[in-house]
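Input: a single structure, listed below in structure tokens.
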Amino acid sequence: MKRDLLLFIAFSLLIMVAPQFFEGGYLMNVLVFVGINTMLAIALNLLLGYAGQISLGHAGFFGLGAYLSGVLTTTYSLNPWVAMPVAAITVGFLAGLIGFPILKLKGHYLAMATLGLGIIIYIVFNETVELTGGPSGLSAIPNLQLAGIIFDSDVKNYYLIWGMALAVMLFSINLANSRVGRALRAVHDSEIAAQVLGVNARLLKVQIFALSAVISSLAGSLYAHTMTFISPTSFGFNFSIELLTMVVIGGLGSIYGSFLGAALLTLLPEFLRGANDYDIIIYGGLLVVMVMFMPGGLVRGIPALFRKVVEKVGTGHA
Amino acid sequence: MLEISGVTQIFGGVTALDAVSFSVSKGDITGVIGPNGAGKTTLFNIITGIYHQTAGKVLLEGKDVTGFPPERLARLAMVRTFQNIELFGGMTVLENVMVGMHTKSSSGLLACALKMPWSISEERRIRKGAMKWLEFSGISDLADHPAGGIPFGKGRLLEIARALAALPRIILMDEPAAGLNSQETLGLAQLIKRIRDLDITVVLVEHDMELVMDICDRIVVLNLGSKLAEGTPREIQESPEVIAAYLGDDD
Amino acid sequence: MKYRFTYLVVSALLLLATNVFAAGTIKIGALFAVTGPAAFLGEPERNSAKMVVDEINRAGGVKGRKLELVVYDTAGDATKAVQLATKLIKDDKVVAIIGPSTTGETMAVIPVVEREHIPLVSCSAGSKITDPVKKWVFKTAQNDSLAVGRIYEYLQKSKQTKVSILTVSDGFGASGREQLKSQAAKYGITVVSDDTYGPKDTDMTAQLTKIRGSNTQAIICWGTNPGPALVAKNVRQLGIKTPLFMSHGVSSKKFIELAGDAAEGIKLPSGKVVVADILPGSDKQKKSLLEFVKDYQKHYRAEGDHFGGHAWDAVMLIRNAIARGADTAPAIRDQLERTRGFAGIGGSFNYSAQDHAGLGKDAFVLVEVRNRDWMIVK
Amino acid sequence: MQFDQILQYTLSGLSTGAIYALIGIGFSIIYNATGIINFAQGEFVMLGGLLTLSCLELLKLPLWAAIPCAIVVSAAVGILFERLAIRPLRQPTPINLVIITIGGSILIRGLAMLLWGKDTHAIPPFSGDEPIAIGGATILPQHLWILAITLIIIIINKVYFYHTISGKAMRACSYNRRAAGLVGIDVRRMVLFSFIISSAMGAVAGIIVAPLTMTAYDVGVMLGLKGFCAAIIGGMSSGMSTVIGGLLLGVLESLGAGLISSGYKDAIAFIILLLILFIRPQGLFGKADSERV
């Protein structure tokens, strides 16, 4: 408990001083997106890593948040700070509603159903042209403002988004180590045993599905207000897969793992800049290799690898 | 305490249970025995709401609980353990037992995540309670070990501790001695008796006759889906039908 | 992990190295969708931009200074486009940016360049990029409205008033659909049916069957390869005799190759590049066009298309601005706005404070596919 | 509403549906033998088309030789995929399998992009492209090819699964893998077989459809998903129900695009998918099965 808190404080401090090292540079901009992706990866991880329920449609919830915020603040001139919770509650409610039938499904079937859901949402973004601007996108979404500060630069957005992301992290760490979090993990390990102990597995899964959608929606709203422009392509099937990759690479059921996965996958294209056409292969290859050789993700795999190397070196000398 | 009346289960044309009726009185240790395929585990699954029977009723403390899902039965203070222990392997031993206290705590999702004062104090209470049950089962030294890595025998004890943490009035155990060595079985017998002393009704399915005869107050014998006999251990041992159908069979 | 570290060190060294050499050169950034669904735009654009920068440098640069082109691939993704625009400005310190390839990406990048005061010469077609005019944003691709106007003008002349439109559901199709619907009334045309198809669809007979059942006099399909080729084939299969029009999105040999015989008789508005060799000698653009086609053939052994032309124009416009003495971002912007009568690939550019699109109707010619080649429709 | 319009919608729908059916059966075969939903199934459709193209243009093979060549190579890729990605998996949980087949599909698609580029390619029709009139509707000779080949494949399938030893063994695996293993069936071999058969079938689908729809490195994604919808409607059967599921899906899509809204055409397929999963997870024609819920 104490250790968790210390770790979190250390992590937060690191995040907060980080901008001192690359103030103003392009990396700041990438780090803003690392923040948004961290929120999304945590949202998916709560569902996939803790509750053991897969979703291949999370880009849809992310998009719903972004579009609701975007449309409410442009067409209906709502204050962004009002639009954001309105969007989140709406998305949470919708997710809860669809959650009951969809979470009855298991494994591959759940994967396909959520995938279908994501694609339907994507098509709706494309087709409701009067509302969303359709494939051409929605522009002139206002930046967030707080006490006279307009969040329109990378540095300001960095603090805004990482503030939110850290809050989501703390929220999730607390949740994971609580009565509800334990019940969730119990459902993941043995649904039947959890039920016998009085855990309403179905309700719990729906709750987490809705919570996960709410966090994704918040990330979507922040994305919309940071980018000030959104179009459907950012919320397609590919992005759902990218999120899944982040969670798996980082480590299922680890909040810091989600951060690692999000950071790696957001920064990776920067390293691969020279290998334009090859990045899709590296991407697919990474997914395959991780599942095969490091099923616990980076957050567990790296320490294990380290131990192995230390052992090898140790025995080598002996 | 628990009353089974006319429970019938048909799986795709095969009758697994045929109008089984018996009752369990409060504070007893009741054993359900029978050869393989007698329908013991099926019966347990029906009582605990995992299967839904084709016909018949289950009454818990006089209340008709037929068709209730397992989580609702848990709230009515009935819990069970499994034949192939179902531990939460990704969690520590202590956390496993803490899940057992689920019905005895109430903090919701938001309260937990936002660390509301009442949820913090509840968490403290859960931890304390769970520790107590670990001590009761004699495995408190394993509290911080991952449950996935402990020996099988300890896993049994953990599963029982976890079930007890739900403060049940009745506990059903599916073959608690399966896979245990004789030393561990002796310990188990002691534990089950201590559970009864807490005024918890125990129903168990078991193959280990020695154990059953030693600890049970009453025994129900199933054979091929029907009830064959019911009585005290002595009565069962002397029943000619049981000897013919079951004890004669060297199992 | 160690590997990555080495990689970092090496790339950092490389970066330093380029910076040293870069003294005296002028850095121009470029964002193209080289991969992803809009790769048919991004790839020729990147190729053309690189080619023309090489040519300029080989000829001694501009006013004795070499140009350096920094190209990033956006994969057609608006988020990436914004990140990379920031990277170009903050890390590479470019004085102007060319691209991005699609309207969506351009709209996403606009707030960045407006904030950072870097001129952007977009290669995408959406009218809303420069309407209303934004101080730092220019474009080279012809507005969709001009292409639509070309078709409608022709229909009006041949006294046809009822059209069916079939547009692809992506940014290109959506923008065309908007223009087709909004401009119809001006030419006395009514849109009798309005259908869309998905960019990955493989069969459009359902939409066309519906169109066949209407009393339409012309079918206008707005999309980029391969969809329109399928539409052409489906039209032929269904035995529809109504004249078929396409957009400038398919004015490349690739379309004729894909649609085969079904392409015969299809008319579409096109940049002049595909008919460069048969243009009348009086055409001001002819010289640029022939030069572009020849260079592209030489460099890439492929036919240059007008998408590549947008990037060519963008580089040349910036080059000319620099040649007029500008070497900082604000100066380049001001000089761009003073561009008059530049005969490029997309048309004759005349920018002004009120017009950052710069092209007139003559940017498009109406062409028809005949004998697997393009003919100019008079 | 005219009759010949409806006829045209139906005919177009049937030929698209036949392709969905072939891909759907591929899904079902692997699912039944292994319990895996192979998200890479669509990529074999892409491989079929593009490999045929290469055989025609690079190797200058005639069409009748290019097609089997493409099928064999696709099946070989299927073998590699099973050997390198599925078999060595240490923790074959459903989630890991979903992820690894997705990873595999991205990888295959990426390699195809490198090999064949990003362009769309046209493939000549098997026998001319003069439209054939049926009532008020018109179809192409290629449509007849599609329907005929689908029919032949279904018959071969039936013969294989019901009248050959290895087919029967495969069916045994699908009923109960453990029991099949106990009676001496080499389950791993059957798994490999299932990958070979379904990748070959995916390739056939890709080959016969390519002359109509053209082909590119990324055509597999949507077709694969639609094929999955067909399989779900058919209750994951590797026989007639999935075929009917595919045809039904094709016709509904085509009618939906013509009569309701062309923009929501793809949404129709997925709404059907969700409805079936919610209401009748055993498929339209199947008996209840506790596996899916």
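By written order: A, B, C and D. Residues from 1 in each chain.
Definition applied: a contact is a pair of C-beta atoms (placed from the backbone, for glycine too) under 8 Å apart; a residue touches a chain by one contact, two chains touch by 3 or more.
Quantities reported herein were computed from a predicted structural model and do not represent experimental measurements.
Asker: Counting one step per pair of touching chains, how far is chain D from chain B at the shortest?
Answerer: 2
Asker: In terms of CA centres, which chain lies closest to the overall middle?
Answerer: Looking at where each chain's C-alpha mean falls, the closest to the middle is A.
Asker: Farthest chain from chain A, going by mean C-alpha coordinates, please.
Answerer: Centroid comparison gives B as the farthest chain from chain A.
Asker: What whole-number Å value describes the gap between the mean CA coordinates of chain A and chain D?
Answerer: From the centre of chain A to the centre of chain D is 32 Å.
Asker: Averaging only over C-alpha atoms, locate the centres of chain A and chain B and give their separation in whole Å.
Answerer: Centres of chain A and chain B (C-alpha means) sit 40 Å apart.
Asker: Roughly how far is chain B from chain C, centre to centre by C-alpha average, rounded to an integer in Å?
Answerer: That pair's centroid distance is 72 Å.
Asker: Between chain A and chain C, what is the gap in Å from one C-alpha centre to the other?
Answerer: 35
Asker: Provide the list of chain C residues touching at least two other chains, using ranges where the numbers run on.
Answerer: Correct list: 35, 169, 196.
Asker: Would you give the residues of chain D that are in contact with at least 2 other chains, written as numbers and ranges?
Answerer: Touching at least two other chains: 221, 263, 266.
Asker: Specify, in ascending order, the residues of chain A that touch 2 or more different other chains.
Answerer: Residues 126-127, 277, 280.
Asker: Going by the touch rule stated at the top, which chains touch which?
Answerer: Result of the pairwise touch check is A-B, A-C, A-D, C-D.
Asker: For chain C, which residues count as touching chain A in their complex?
Answerer: Chain C residues touching chain A: 4, 7-8, 11, 34-35, 37, 72-73, 76-80, 82-83, 86-87, 89-91, 103-104, 107-108, 110-111, 115, 126, 128, 169-171, 173-175, 178, 196.
Asker: Can you name the residues of chain A that touch chain B in the complex?
Answerer: Of all residues in chain A, those touching chain B are 171-172, 174-175, 178-183, 185-186, 188-190, 192-201, 207-208, 211, 253.
Asker: What residues on chain D touch chain A, complex-wise?
Answerer: 31, 36-37, 85, 88-91, 94-100, 102-111, 113-114, 221, 225, 228-229, 232, 261, 263-264, 266-267, 270-271, 273-274, 277-278, 281, 292-293
Asker: Within their complex, state which residues of chain A touch chain D.
Answerer: Listed in rising order, the residues are 48, 52, 54, 56, 101-102, 104-109, 111-113, 115-117, 119-120, 123-124, 126-127, 237, 241, 244, 248, 252, 277-278, 280-281, 283-288, 291-292, 295.
Asker: Per the contact definition, I'd like the list of chain B residues that touch chain A in the complex.
Answerer: The touching residues are 48, 50, 69-71, 73-75, 79-80, 82, 86-91, 95-96, 98-103, 105, 107-109, 112-115, 119, 122-123, 126, 162-163, 166.
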